[in-house]
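Beneath this line is the structure, given in structure tokens, with notes to follow.
Chain IDs A, B, C and D follow the sequence of writing; residue 1 opens each chain.
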Amino acid sequence: MAKIRMRQAVLQALSDAMDDDPSVFCMGEDIAAAGGPFKVTEGLLERHGPDRVIDTPISEMAFLGAGVGAAVCGMKPVIEMMFIEFIGVALDQLTTQAATMRYLSRGRLTVPMVVRASAGAGQGFGCQHSQMLDHWVRGTPGLKVVVASGARTAYGLLRAAIEDPDPVVVLEPRILYGEREEWEFDPAYRVPLGKAEILRSGGAVTLVTCGAMVPVAMEAAEGIDAEVIDLLTLWPWDRATVMNSVARTGRIVTLEEAPRGSGWGGDLVAEVAQAAFGKLKAPPHRITLPDAPVPYNGGLESRYLPSAPYVAEQVAHLLATDKNPQPWWSAL
Amino acid sequence: MAKIRMRQAVLQALSDAMDDDPSVFCMGEDIAAAGGPFKVTEGLLERHGPDRVIDTPISEMAFLGAGVGAAVCGMKPVIEMMFIEFIGVALDQLTTQAATMRYLSRGRLTVPMVVRASAGAGQGFGCQHSQMLDHWVRGTPGLKVVVASGARTAYGLLRAAIEDPDPVVVLEPRILYGEREEWEFDPAYRVPLGKAEILRSGGAVTLVTCGAMVPVAMEAAEGIDAEVIDLLTLWPWDRATVMNSVARTGRIVTLEEAPRGSGWGGDLVAEVAQAAFGKLKAPPHRITLPDAPVPYNGGLESRYLPSAPYVAEQVAHLLATDKNPQPWWSAL
Amino acid sequence: MTLSNILTPRDRRAALADRPTQLARMIEIREVEAAIQGLFADGHVRGSTHLANGQEAVAVGIARAIDPDDVVTCTYRGHGHALALGVTPVGVIGEICGRTVGCAGGLGGSMHLVEPEVGLLPTFAIIGAGIPVACGAAMAARARGTDRVAVAIFGDGTANIGAFHESLNFAAILRLPVIFVCENNLYGEYTRMNLSTPVEDIAVRAAGYAIPGVIVDGQDADAVEVAMETAVARARAGEGPSLLEMKTYRYSGHSRSDPATYRLPGELDIWMKRDPIPLFADRLAAEGAIGVGGLDAMRAVVKEEVGLAVAEALAAPQPTLDEIFAHVDAASGGADRRWHFWSK
Amino acid sequence: MTLSNILTPRDRRAALADRPTQLARMIEIREVEAAIQGLFADGHVRGSTHLANGQEAVAVGIARAIDPDDVVTCTYRGHGHALALGVTPVGVIGEICGRTVGCAGGLGGSMHLVEPEVGLLPTFAIIGAGIPVACGAAMAARARGTDRVAVAIFGDGTANIGAFHESLNFAAILRLPVIFVCENNLYGEYTRMNLSTPVEDIAVRAAGYAIPGVIVDGQDADAVEVAMETAVARARAGEGPSLLEMKTYRYSGHSRSDPATYRLPGELDIWMKRDPIPLFADRLAAEGAIGVGGLDAMRAVVKEEVGLAVAEALAAPQPTLDEIFAHVDAASGGADRRWHFWSK
């Protein structure tokens, strides 16, 4: 049982996948010689060589598109988008090209490509380098979206994504790269795509979250009879696990690292409200970011992001009153 | 009282806005000399001249970004994206640059820019030219998104969007360009951003929709006691109008031209489920597109899109049973 | 020359080795485009369609210079390339009419023709999108130890989109076996090139990436073939990419019923004087490869074949609703029909 | 030379007319970057920060050649440009420390410095994003009948992104009054230019757009100024855009605590031998504009000023929570502080 950092788990997953399958290769900006801006790919070049660990020019459209072409022709490219925001200059290749290749070729051509991207707030990178932006890709037919929440899930999701025959976006919360997790490393370990995980069982409320909000939710859940679910796959998400939990608890709260207007919780809560109609003990509740860009200042950013005490307070209020608490900014 | 086509209303709105405000100019591919691929800007060049009606190279990133810079420097650019899909090669300029300019300059610099885009399915343009894709921009702090549903709303929304001090995306359902609407033309007419419209009052169910689905909803509503709401602004959407209607009807159905995973109905239904908790007579219901790309074949595409009979059938089933009907494809 | 409709795409491709067949293929493209124009007028074609009549020599010249195992990314203006590469007239016309016999089963349409058997990826409807994808195919070819190359075909207007620039730089720095073919037909939609592009020759941009930039007579199928062969040889030898600019012209408007009133006066006539079909026919006659009246005889045969293809396409069934869901992703449950490039 | 901290940005800009002040400004940039490095080490700077020490001559040369009413788009590596254009050391250091006295109130951070008063738009953190925006500013200048120009400043690595290509073509075809300034410091992040770009000079790419492409000695403030003046004159005269490539070098790593172990051996020393500050100081001495020991004296004064700025920044309050919501859109209710370019 060793404690490993998420950064190491991602590196291990990439390296193991390249050991197991010669068609896997990695490509991105400064991932090879420099070992990655977040040291995620350190040593990958030395181990697998320059033909399989490739530094690119600053040309997201070119290397994301090249990933599509390489995947169609029998390779399994793993493309790194250093920050998810950068996909804003190349989105077409992922959502319009990769996602329609199988459909337009009537199943003859497929795009087994993985796009890895660091994402999320909390480290003072400012409003153009701190978002999750899963809504840009979530719900695109033919495209899957997953979010890691620590070393174990990062390894398991990434291996599963690389083995998936279709394009998968893997979001890696940047703030978790350095976090260590107790995990009995197992190279055969996979997190099946489309499956959520119950991290903590509870009877009073189902708290669904993902990514960097998972540790926040777990801390907040202490002392509350909350069932915490790590959604893991944002699209297509695990309806059964969520619905079964809500059937037991009768209450649903989502904890989302996104403003309400673009968060994954809308679709999820809508589905719950439909499936559990008449069976909920309290109104569904969404804990989200405010409708504003991410502030740079440390004090502001740490308030901007939901903290464990804030989440605990929100959930406690819901349990105590069976009414929706106001978000912190309503008091301003 | 004249019948005018939506295409003419858009043209009139652009021309009137340019007459009223010298800082307004239009830019896009083939909008000037050719009068636009859908003949929407026919005559605009002749009336307002080449300095204000500008043909661009095929460079979405350049001319969308130029719109941002021109807006910051006192102009009111109206940028045409011929098909909304094309924003996939330039999204960064809209969501990451335009939307954060006011925030990063602490209110000193603003981006009064309008991005017009034709959108939607139904005409056999294939899966890369037939989507709404409002989810790419919806919910972005600092950015508004509206959808026209006919000549009147196209004129009113576009004029209001051009007068708005912040960036606004105006989606124009391509399939409606040729549709005629009875409307007493009034150059002072505006559709306030952020306000929905009740097109038909009813007591049994609130049917919320927008864009090309509005005529479908209206036809479907005949013979049903349905209140039909045209949302008009997708972000920020009109909470009050929707909630008040649901408070009266006790039932909510959304009709969305998007697969469920990316449709605007998720957030809306989640909000309704929260605000009207315990007061709904039936589970909320969402009528969406299937989770598949848009097919080219005519028979397939016309089934792929919700038709009036299908919507009527879905709503009738909900009213009769107070249970959610299955989508048509569940029978396949 | 053989009845194209009873041959497989690969057979049709192989048949191009025969010079008279090469001429017949150019005529076939011309006739198929004419047929599509008619089908559009008759309401059998939905949405939009982009004809390439006038550009036949580019398509056939490229198809002759590469192997069916080489990969091609092309655009919505791809009917001619699809036919040249080997897709049958029924596969092309059927797709454009949305029928099951179409090369994409009727779900793709005019802008998305496809045939992996002859290396054609689904043609791209977003400007520039196919260019980086061709780079990736070239990366795969090299990584898998084959000497396959990739060809990216696009237009003059597309030379102003970011993906063009990024791809040429990317391919140059990685020395990828890819050939960038710009079909310069002088117009991007309704805009003449001089109004969107400050240089007259796209080929000059190659210097910005230190790769060869070659201007080619796109009306001469042999000139296209020779230029392609040089670039392909260079690519297969590991010497990197090339940019070829094919000077050509489209006789039809940009799409649908565009009357192309924006053309410069007389321009069309000047180009028609160098129509690629008689130009090539005369050469074959001089070579003695076809006899007197050979062109007319050939045209008659091809016309008949295309007529048969149209009839077959229109007689074919429409796809069923389940096709919408058959191939969205691996879980869709559509039969596994995966094509494996370069697998022994 | 005057105490920079008590001057407004516009005053500081005007003060650059004085050549000793020009030298002092270069020293100021050097010292502010050094201070930021220290503040980062001490934990006062969050996220990332990108220093421009070594590139001071480019910043000051540009600032001298344009007016405060001209518009500048720059990148995350913008501390030097912000200071040169006129932003006060407190405005820069304060922003990077997230304080209210920062030029973006502490909400933007190191990558987003801004000061409309001197034409600086919020610096862009997405590669290439500022280039088309500068084109738009140039369109506005022309549309509004002013002779203002726009300057887009970006790096060598950025010359490989689509926005660079599209913008140069766009500006060329519209003959926009914009100057594209590529600061070629030989590296894009941790990658040497030769590994990402097949040409040695970015300037050669100008030929692909039929605009002037000029290589400039970026270590010589006067050379930068002269080259800029030519391009600016051309732009103001309506003759269109230019691409200037400033050959320079960054002494620090790409960002944060990057040790820059990827540098070629000896490369740093070679560049330091042509450090822009002594180079310019010697020239001023030769002109008699500064006396013996003038440089040291000046450095001492600037060091003290920067020390005061650091103290003032660290003593300043943190922004309050309501600032998050003050300027999201017009409805946010933040005070209307709109800046109007070129309004009488």
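Everything below uses one rule, namely that contacts are C-beta pairs under 8 Å (C-beta built on N, C-alpha and C of every residue); 3 or more make two chains touch, one makes a residue touch a chain.
These figures come from a predicted structure and were not determined experimentally.
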_Quick check for the class: compute each chain's Cα centroid; which one is farthest from the centroid of chain C?_
D
*With respect to inter-chain C-beta contacts, which pair, B-D or B-C, contains the greater number?*
B-D
*asked:* From the mean C-alpha coordinate of chain A to that of chain C, what's the distance rounded to whole Å?
replied: 40
_Using mean CA coordinates as chain centres, what's the gap between chain A and chain B in Å?_
29
*Taking each chain's centre as the mean of its CA atoms, how far is chain B from chain C in angstrom?*
36
_chain C residues counted as touching two or more neighbouring chains_ = 104, 107-108, 112, 124, 126, 128, 160-163, 166, 169-170, 173, 195-197, 328
*What are the residues of chain B that contact at least two other chains?*
56-57, 59-61, 85, 88-89, 92, 96, 100, 103-104, 127-128, 141-142, 291-293
*Using the touch rule from the top, collect the residues of chain D that touch chain C in their complex.*
160-166, 169-170, 172-173, 195-199, 204-205, 207-211
*Please name which positions on chain D make contact with chain B in the complex.*
71, 73, 104-105, 107-108, 112, 114, 116, 121-122, 124, 126, 128-129, 131-141, 143-144, 150, 162-163, 166-167, 169-170, 173-174, 326-330, 334-343
*Can you list the residues on chain A that touch chain C in the complex?*
23, 25, 51-52, 54, 56-57, 59-75, 77, 89, 92-93, 96-97, 100-110, 141-142, 144, 164-166
*Parts of chain A lying in touch with chain D, wherever the complex brings them together*: 29-30, 33-34, 37, 55-61, 85-86, 88-89, 123-129, 290-293, 295-301, 303-304, 329, 332
*Residues on chain D engaged by chain A in the complex (per definition of touch)*: 45-48, 98-99, 104, 106-112, 124-128, 157-158, 160-163, 188-191, 195-197, 262, 318-319, 321-325, 328
